[in-house]
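First the structure, in the form of structure tokens, and then the observations on it.
As written, the chain order gives the labels A, B, C and D, with residue 1 at the start of each chain.
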């Protein structure tokens, strides 16, 4: 898996904070732009997140190149509807390289690993034969396993990144999508360390685990303490 | 493939038209509700579509049960972001039946068909073995082909149905998703014949084909006639 | 202010719960439809809300006629982007009746109330004069106060209703929009009492107040208990 | 009215085109990034627009500071739901300056202009008196006319800009929102001239006018030529 931040709104944290502040101010975003100290940016970012005032986070967007994830995972990823995706088409692009993802639970079992690899090879082999026989790529690909690698460009704004990370960095999410979001977070941290640090599982925000079973980091909340 | 309309906004066409009319009227939707003749509903529906005033079409929604489409196709389907999906999880549900979709181009070639069926069988066989060996379903499914059948519940409002049909009923779309949208259209037509009749490929609305090559129904537009 | 539920997805709670259950089941929504007891519907609805699995709530939608709210409030309302609105146009409809909203803080002060009413009257008077002088309604309305009444049709799905109520039933929201959402909630409760009961301010869900100052129902959370 | 582009995705046209091309290519967006000539960017941008393949346009976003538009117009503007807005709050900000917009149709009639200006003054005067009497700003503002100026930060991606301009640059749109979109277009043209040039009324794209009456630039389409 390879995740690269290829483009983003310059000064993403300042953009969020200056926009937010302009809504409760006589000043415009342009006037505020040059008058916010790093400390103020930091404080305001936290304040907005703590109070759930998330709409200003939409003003900053991040565009990633994502390569080498499985179609199983890309199918989950694109369910986040408040983002933009341009995925490599299996209709128009005939896959030449035989690339696929192997789950760690399979890697660990030597005999299944061998069977898994043979299954991948034979699926790709049949795919190639069908292409040669002029079966269209869009149909030949039906034989390809869900493990097959895909690549896509994704643009997500900071609000949706905060939301998606709250779900997908949860250890109950699927291992491959957890890894994907860890890499997305790392890329954001590189250029926007304060914002990147705020990309975390939902329990860190809630102060408790709202899943049926906790992974141990935060306890689940007894229902009686929550309702009044 | 099986598509059933399981629920929908009652009186979907009246809802759209009465809402639309209320915006340019002293009357409310409740007053208009009982004062629109079938002919007026028909005329207004066409007028709204012809002039591209589509937002009132959002007031009527349709909920479908969709079974027996491939994961290749469901991956495309869920890219329509202005709709709601609840798909059978391959993480929580271990597939028991070995059901998969076969593209017609493969059915037509007897020797590939046999190979295809064997590939499906052996992928499902390995999947079952892995489940028995306690590999989690969410990982075992990596070996399943993209042809594997899935089921999902989809709710789409009439505006997005008009839009999605304009793209997916185009004969240049992929055959399985064309068939899916033909069935969605047929189900809508059953309860809302006027609206259903308006679900058609984009060329019928544009009066020309905007794809690179036309399927023959409408000609492509020479660029010089379009720009001024 | 007058709020009427004019249409909605039949069996809205069953629709949500049956869709949700189909995602982790071998059964389809059609099979589950007839096999869920009222108690199960109730339990599942709560479970989904408690664990934040909200996407199935999108399968049920509610269409309201809203009359007699101020343009000040409708401007706020339409900021909820995940909903559909058809508002009476001040461009195409010349307002004949002089209807406006008066905030309680003004009603309480007799002398300001009189001035307020005179201001409303004279604004409407100038509006009428301009219309008679053939100034277009779309321009004449610039003189109308933000208190002026408007009517609109709104369709919102149950997920967005849960979200919007969590914000707008908070006592720190503006009084007129609080009243609007109380009426929306009452209308939903009429046909879907279990869902209606779950429309409540965010603090009831969080177990604490995340605003800067609490209204007293739930205490604010000391930041040290929330971060780890 | 003052419109300033305060931030945007760098290389917005290249971003769109490189993303689009990666979907039908063995190459990634990173590889394509450095291998597209200005001419190719130009051609591809046009091709995408002509064929209605608009989703790659979502990868580039533009953030504007908008000042001095009326609340009448901002109410219309925020109806474009696929964009992000942070508007100056009339709840938290007490307006100090008496700024308002005057429609040209009123400016032209000297006697109405005087009445209009007096109406604005007296509304602002009552507003100030109420603030002094400790009526909250959120209630005092009910007396302010819809002409009152507002400021907001808006982020819109290039796809929605293309769509919104297709509607709002139409001469049948309201004069103030036409002017707003002309200025938005001019700001985009400054940094992305090819994209900016493609921001135009829908008739330029359709080749005909789909409104009931044409402004004269393109004729309306006789219905018989459009249906088959």
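Operating definition for what follows: contacts are C-beta pairs under 8 Å (C-beta built on N, C-alpha and C of every residue); 3 or more make two chains touch, one makes a residue touch a chain.
Remember, it's a predicted structure, so these values are computed and weren't measured experimentally.
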item	value
Chain labels contacting chain B and also chain D	A, C
Listed pair (C-D, B-D or A-D) duplicating the B-C contact set, over half by residue number	A-D
Of A-C and A-D, whichever chain pair has more C-beta contact pairs	A-D
Proportion of interface numbers common to chain A and chain B (over half same, under half different)	same
Gap in Å, rounded to a whole number, between the CA centres of chain B and chain A	26
Geometric centre distance via CA averages, chain D-chain A, whole Å	30
Junction residues of chain B, two or more chains touched	85
Residues of chain A that touch chain C when the two form their complex	50-52, 202, 204-207, 210-212, 217-218, 221, 223, 225-228
Residues on chain A engaged by chain D in the complex (per definition of touch)	4, 6-11, 15, 19-20, 22-26, 28-30, 33, 55-56, 58-59, 61, 63, 65, 67, 84-89, 92-93, 96, 151, 153, 155, 157
Residue numbers on chain C that touch chain D, as the complex places them	70-72, 74-75, 78-79, 81-82, 85, 90-91, 100-103, 105-106, 109, 112, 115-116, 119-120, 122-123, 126, 129-130, 133, 135-136, 138-139, 141-148, 174-175
